[in-house]
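I am attaching a structure below and will ask some questions about it afterwards.
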Amino acid sequence: MKKTLNLILAGVTAMGLALSAQAEDYITLASTTSTENSGLFDSILPKFKEATGIDVRVVAVGTGQAFELARRGDADSLLVHDTAGEQRFVENGYATERADVMYNDFVVIGPANDPANIRDAKSAAEAFAAIAEAEAPFTSRGDDSGTNRAELRLWENAGVEPEGEWYRELGSGMGPTLNTAAAMDAYVMSDRATWVAFGNRQNLTLLFEGDEVLFNQYGSLLLSEQKHPHLKHDLARQWHNWLISEDGQQAIADFKVDGQQLFFPNAK
Amino acid sequence: MENNAFYVALSLLLNFDAALYQIVALSLQVSLLAVLIAAVLGFPLGAAVALWRFPGRGGVIVVLNALMGLPPVVAGLMVYLLLSRAGPLGELGFLFTPGAMVIAQVVLVLPILAALSRQKVEEMLGEYREQFVSLGMSRARMMPTLLWDARFALLTVLLAGFGRASAEVGAVMMVGGNIDGVTRVMTTAIVLETGKGNLPLALGLGIVLLTLVMLINAGAYLVGELTRRRTG
Amino acid sequence: MTSMNAPLLASSALYPPPALSFDGVTFSHEEKVLLGPCSFTLDGTGPTLIMGPNGAGKSLLLRLAHGLLSPTQGQVSWSSEGSPRQAMVFQQPVLLRRSAVANLIHALSVNNVPRRARAKLAFDALERFGLAACSDTPARVLSGGQQQRLALARAWVLSPQVLFLDEPTSALDPAAIKAVEAAVREFHKRGTRIVMTTHDLHQARRLAGDVLFLSGGKVREHTPAETFFNTPVSREAQAFVAGELVD
């Protein structure tokens, strides 16, 4: 009886130790599911670690939640894709610096038979208008993410109020939204990275790409030392600087899926 | 695709790679530790509610029973707000660590262990009460006796708690962050792979999780049966 | 309820044991009087056998005496200062889901017997009641007779001044009945006050020092055993002793 108790105690202590053991040199990075799902971090983080010895722990959430994490002081650094929101974040004093890091682009995906015939559209606005005209099923993230916000801007450009039976707001991440679109043969707007890495395409195919309004800019933010003095600002600055350095930019350019480059470095 | 998933699950198990091993080990550590802590708190709590009559007792029982159905994501949100830097326990720096996941799962499992052990202990108390009073036992003294004598029933309760802990995803996702190599567990890995559209891999991981849970249940069942046969 | 200030197994030579008095005791449930009013005193050497037809209130009276139930009216009192050490053996023994010896050790631990002393006291009691060979057997897989002897052994280690037994042999075969009766005599020899219910006339003749006869929730007579069996006074007792069906 006593022996068992001792054993259990020893086990609990060991587990407690194992769970609390953590490297000191790490930062927590709040970023978006689209970057995480593409596999970009698996490719560039080891290079950053090699250069600086710093671990980056990625918490991948929607852009809205990523901002919220940073606002509450739960993340050391922020890498998101909502330029307008990022600028507001700096204006409100939560971040001290914002830098362009890279861009990828959005693509419009849909069933191979393309009932709204957007293949031949001249612009994104035309493609979106055609989908609304045909009332072809369209699945939207509906989660206030960067992608979702970009999509809503595109409907506005096309002069369409997206509502009705054909427009489905899912409240899901990019991957689950693609899964749903595949299941119901719907149109969907996705970032290219998630689409290229996506494994459950079924009948879906890439139908429209290349319009400049579809470019998706990523920015890195340095968070305010005043608001959250406890954060690892030194390490976060190293990460921020590395991302926009020559090495970091090269690492981003080197990341390819099936021989296709997904992110295009554009730090100034 | 199902065939595919079973194939993936099998090769995952056979080629036991380091990443999978780490995920499985962390899942077990977090859930087992959470269930253990919840048991240390929940069993005496359940027994106390069974033993003592106090004003509001009915309300406590209703609340415990209702909390058994607490959505994991709500538990996660509560623990997140507690551990967030802006929250009351933010100073601890517990957020996005396995420790935070343990806390969230304790919140989920504790009501199950307390509510079910209350029921089991009360049943047993009905059988033992006269003998206990005859022996001159106080209520406080009855508690350890009842908990020990209900050990087989409580083992099943413990398994129910473990099932809940190891199956939930909402709470650990929110307070753990699904950080690769740090807080990624089986369920959050499954969500991630589903998001990537890697359905066979996701299902394969699910099969691995199911296999693990079944093994643990089978082990507990065997231990229970063997000791039951020995001690009647 | 049991005050254990006196060292355990101090020889129970405090003879005679404390006397038990019922003074106008009534027990009602939902407005219905189930027992009483009863007034009597048990101060002889006993053993006291409580007899009467089914539903007469025998078990109720025993539980009131032992303190498992509180009287609706009246008082239960002892001649000793405070309640004496007492134990009860039930018709269906309530044994813990542990080994035979662990059941005794548990009872000793509940009564604050020092840890060192428990094992020896427990084994001695098992031996005395012929259970030494099954000390490690789970209590609940013992035969009915063995279980009842274990319940008696549990009472024994507590060295009670008063022992209550509620129909302890009604579910047992003759050999087991004999063993239980022998155990009761041992307790009696040690100076324990015995208060026992039975519906078995033969058993009462074998054990009783005095008889308390109940019917319809009332005490009809309380006399020495010889008087009760040979010249019962009340009509109900006459009929009962004659073996007629009484209600």
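All chains are identified by letter, namely A, B and C, in their written order; residue positions are counted from 1 within each chain.
Just so it is clear, contacts are C-beta pairs under 8 Å (C-beta built on N, C-alpha and C of every residue); 3 or more make two chains touch, one makes a residue touch a chain.
All values reported here derive from a predicted model rather than from experimental measurement.
**Q** Chains in contact with chain B and with chain C: which ones?
**A** none
**Q** If I average the C-alpha coordinates per chain and also across every protein chain shown, which chain's average lies closest to the global one?
**A** Central chain is B.
**Q** Quick check: which two chains are joined by the most contacting C-beta pairs?
**A** Among the chain pairs, A-B has the highest number of C-beta contacts.
**Q** Can you tell me which chain lies farthest from chain C, using the average of the Cα atoms as each chain's centre?
**A** The chain lying farthest from chain C is A.
**Q** Between chain B and chain C, tell me the centre distance in angstrom, where each centre is the average of that chain's C-alpha atoms.
**A** Taking the average C-alpha coordinate of chain B and of chain C, the gap between them is 46 Å.
**Q** Between chain A and chain C, what's the gap in Å when you average each chain's C-alpha atoms?
**A** 78
**Q** Quick check: how many Å separate the C-alpha centres of chain A and chain B?
**A** 32
**Q** What residues of chain B sit close enough to touch chain C in their complex?
**A** Touch residues, chain B against chain C: 127-128, 130-131, 133-137, 141, 145, 148-149, 151-152, 230-232.
**Q** Along chain C, where are the residues that touch chain B in the complex?
**A** 1-2, 4, 63, 66-68, 87-88, 90, 94, 96-99, 106-107, 110-111, 138-141, 158
**Q** Show which residues of chain B lie in contact with chain A when the two form their complex.
**A** 29-30, 32-33, 36, 84-87, 90, 93, 95-99, 102, 177-180, 182, 192, 194-199
**Q** Using the touch definition up top, name the residues of chain A that touch chain B in the complex.
**A** 8, 12, 15-16, 18-20, 22, 28, 33, 36-37, 41-42, 57-61, 72-74, 173-176, 178-179, 182, 194, 197-201, 228, 230
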